[in-house]
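We call the chains A, B, C, D, E and F, going by the order they appear; numbering starts again at 1 in every chain.
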Amino acid sequence: MKTAICSGSFDPITLGHLDIIRRAAACFDRVWVCVSPNAEKRSQMFAPEEKLLLVRTAIGELPNVSAELWPGLLADYAVAHDADVIVRGVRDSSDFNLEFQMARINGGLRPGLETVLLPAAAEYQHFSSSMVREMIRYRQPLERYLPASVVPLVHELRRKEESESHGK
Amino acid sequence: MKTAICSGSFDPITLGHLDIIRRAAACFDRVWVCVSPNAEKRSQMFAPEEKLLLVRTAIGELPNVSAELWPGLLADYAVAHDADVIVRGVRDSSDFNLEFQMARINGGLRPGLETVLLPAAAEYQHFSSSMVREMIRYRQPLERYLPASVVPLVHELRRKEESESHGK
Amino acid sequence: MKTAICSGSFDPITLGHLDIIRRAAACFDRVWVCVSPNAEKRSQMFAPEEKLLLVRTAIGELPNVSAELWPGLLADYAVAHDADVIVRGVRDSSDFNLEFQMARINGGLRPGLETVLLPAAAEYQHFSSSMVREMIRYRQPLERYLPASVVPLVHELRRKEESESHGK
Amino acid sequence: MKTAICSGSFDPITLGHLDIIRRAAACFDRVWVCVSPNAEKRSQMFAPEEKLLLVRTAIGELPNVSAELWPGLLADYAVAHDADVIVRGVRDSSDFNLEFQMARINGGLRPGLETVLLPAAAEYQHFSSSMVREMIRYRQPLERYLPASVVPLVHELRRKEESESHGK
Amino acid sequence: MKTAICSGSFDPITLGHLDIIRRAAACFDRVWVCVSPNAEKRSQMFAPEEKLLLVRTAIGELPNVSAELWPGLLADYAVAHDADVIVRGVRDSSDFNLEFQMARINGGLRPGLETVLLPAAAEYQHFSSSMVREMIRYRQPLERYLPASVVPLVHELRRKEESESHGK
Amino acid sequence: MKTAICSGSFDPITLGHLDIIRRAAACFDRVWVCVSPNAEKRSQMFAPEEKLLLVRTAIGELPNVSAELWPGLLADYAVAHDADVIVRGVRDSSDFNLEFQMARINGGLRPGLETVLLPAAAEYQHFSSSMVREMIRYRQPLERYLPASVVPLVHELRRKEESESHGK
């Protein structure tokens, strides 16, 4: 049995992320989605627990996929789940250069831990969480970018956030 | 059970190719190595059957790996073996651009056929069959570039080729 | 009135080429498609006049587009039609590097001649004439890759070519 | 009549930006320069109105070019002016990867909105607003990087800024 | 006699930096290491003087290499030492694009000042200061990433930093 | 004393090549230009001895530069001249990827042999021998692309070639 890790910040999870997770779930027997809290990053729109909730909502129907928050090194998460591979989506050559470095770093930390790169699908090649955050800020329809089950949750979390900001 | 295809021209198989095949054999349950004859290419140093012999010699010890010649489309080879993924090594961003296109072509021919890219290992990142052919032409020691079991075979095939050229 | 040139070898014209021509025809008032004969290239599948016929068939319905063979420098073709810009499709960063050089060469030959690059559409990003030639050789259905009006012509030209080869 | 949008943060406008605007004004009938306020970005050296003033000063002599501040989505700005294309300068393959994504995002938001990429001119290929801000900070001569009409304005705005900082 | 500059932020110096400095010291007669304070950067883990101390400790054994802090333009530092070339390590095509721009900027500021790029060694290709800072934060063994002489110093500086943070 | 090798096929030498050689001659004490015969390449326009003659004519005035034909491995040429570095010009990220591989191959063949990459100058970034061969074929003025001293020689060699072809 082969176990794969899909990792990311998922702020928030997009249809592009979900496509990679689905394809990983078709290539490997078990997939763990590792949500990095990135608590120190200023640009985070969603809190770590919110990000996890959105990921879990998105992957709801996939039987061999689970998601967790992990504040530590990705290589340690892979060890904790006895994973064989890290799966990463790649959209273009700039992405590739970053992932190439990350693959070497993780393979150096845990020899034998493989990284496999999945080329982005045509329809999601330009998707990113930062693009989605822009769409949220400019109040664009989100159905095109987010898993259907996630859209109402994102709206709810944003309303809560805005009413809290107002309350201050 | 997940089946993977490793494809290439393998003119000849290098330590870089063998590294990708080994890693594919660790990530997936079954690996078929698809040797493209490329009979029309002028620059081929080895005949299709010679290339296959070298590949089979190199993978000798790997229990879940087999190699075959396949003159047709790679996507058809994947269908013939009911394969889930094509595995390709990637050395840099130029390689990535080529593989990205090939992945889309193959996924277009057979929807659901996945391509996964493995970043080249540091020690083999600059390896290519054309480099090895140069080393053969300039009579450099080949142990650094070729699987150990393959080196004597390559020398033998080259001697045969040269004596045949002389005989003309 | 602004005039644009779309250039290429078009061996044969693909849906990707036609998409770029259509978009050029939407951005500029007049488009001339410049078909390079590339007579010396060994890898050409179609004769120059055949390539032109296919291009003209493909662009049939576009009112502001015409196509011609031009055996000379592209920059001279632009002068001949008093064109303002050369339009080129770009699929990835490797393509970009090539087109960047070509743009400087053409701008150097005829100062003021602009080159504008159009990013390939998602559905055609992996299209190329060499891919289509492979599909023709392996007798794959061509409707996905070629303009509908061009497919029967390609089949006919290939049959003619094959019967002539047989006749030798 | 074809209308084009040139967009950017222009913090401040450089000779490289002006070259792209000029070339867009030669390729299209009407050009609107869309200055993004980027009010939230910490690294901004000039206030939105200052950036607009500098852009307007730079384009002063071009009859078919106007500039405006626009705090919203670029695709909405294009709609507001009934524009056909967004024009973006591209300096290298990393730039290209970013612009390729942006082109798809904007084409997704407003189908039919085209993005055309202009390769940077040789003399401006290494120009960027961040480079110019460094030159301003290190009090280098600015004539080489900025439109001549803009240099005295930049000096004046910086003096004002510095005397205000001192006053605190 | 040829003099070279190796520049960087060195937050902290890694084995990858030291490899570039050593190779520069083999190619040129005299090497000055220019440590940029980057005092305004929030992400700096070490203070400018600490960064310089670490660099000087790392290069201790190299007879033709010295290191200094320099708060100004790199091109002015090169003038101050009558240097002929700036030496920069390059890990991949994204790095290359950045260095290409920097080389043009510095050559523009001081005509005749050359920039030479050294391809990263295979074992250090994925090294970066930001990766090392992650390893420090996650308390990983640092011997693999840092010059041996630097490791105890880094531990000491971090302990000091942490006890000061606690004291607040 | 530091010795550098500039290598290439030089079919023919361009102003871009000469710029790299000149800059190498400013960075290093002695420069050997290694002209690869590439006798087997079909696309060669000039014979090996003609290529060498053109290179020697171009470098005539540079006191610390010499040129030779070398049919063997570049790494062996470097050994033969006790050279410290190979110098290569790089125009863009695609070039970089190729040179990165070559640097590793040569460093692997002769440990300690360094490769340094020089970014192409703005005015020559789009120059290549293949572009120049096109200009020769289309009888364009060559002064912009070739060293002044080389232009009459190129015309003479082409006239000789053409009269020989006619004589057949």
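General remarks:
In the analysis below, a residue touches a chain if its C-beta (ideal position, glycine included) is under 8 Å from a C-beta of that chain, and two chains touch if they have at least 3 such contacts.
The structure presented is a predicted model; accordingly, all values stated were derived computationally and were not measured.
Common neighbours of chain B and chain E (chains touching each): A, F.
Among the remaining chains, those touching chain A and also chain F are B, C, D, E. Ranked by separation of Cα centres from chain E, the top chain is C. One finds 49 Å separating the Cα centroids of chain B and chain D. Centroids of chain C and chain D (each the mean of its C-alpha atoms) stand 33 Å apart.
Residue positions 92-94, 97, 100, 104, 122, 125 of chain F each touch two or more of the other chains. Applying the touch definition to every pair of chains gives A-B, A-C, A-D, A-E, B-C, B-E, B-F, C-D, C-F, D-E, D-F, E-F.
Contact residues on chain A toward chain D in their complex (touch as defined above): 91-95, 125-126, 128, 131, 134, 138, 140, 144. Partner chain D is touched in their complex by these residues of chain F: 92-94, 122-123, 125. Chain contact summary for the complex, chain F toward chain B: residues 72-73, 93-94, 97-98, 100-102, 104-105, 108-109. Touching chain D in their complex are the following residues of chain C: 2, 23, 26-29, 84-85, 87, 90, 92-94, 96-97, 99-100, 103-104, 112, 114-119, 122.
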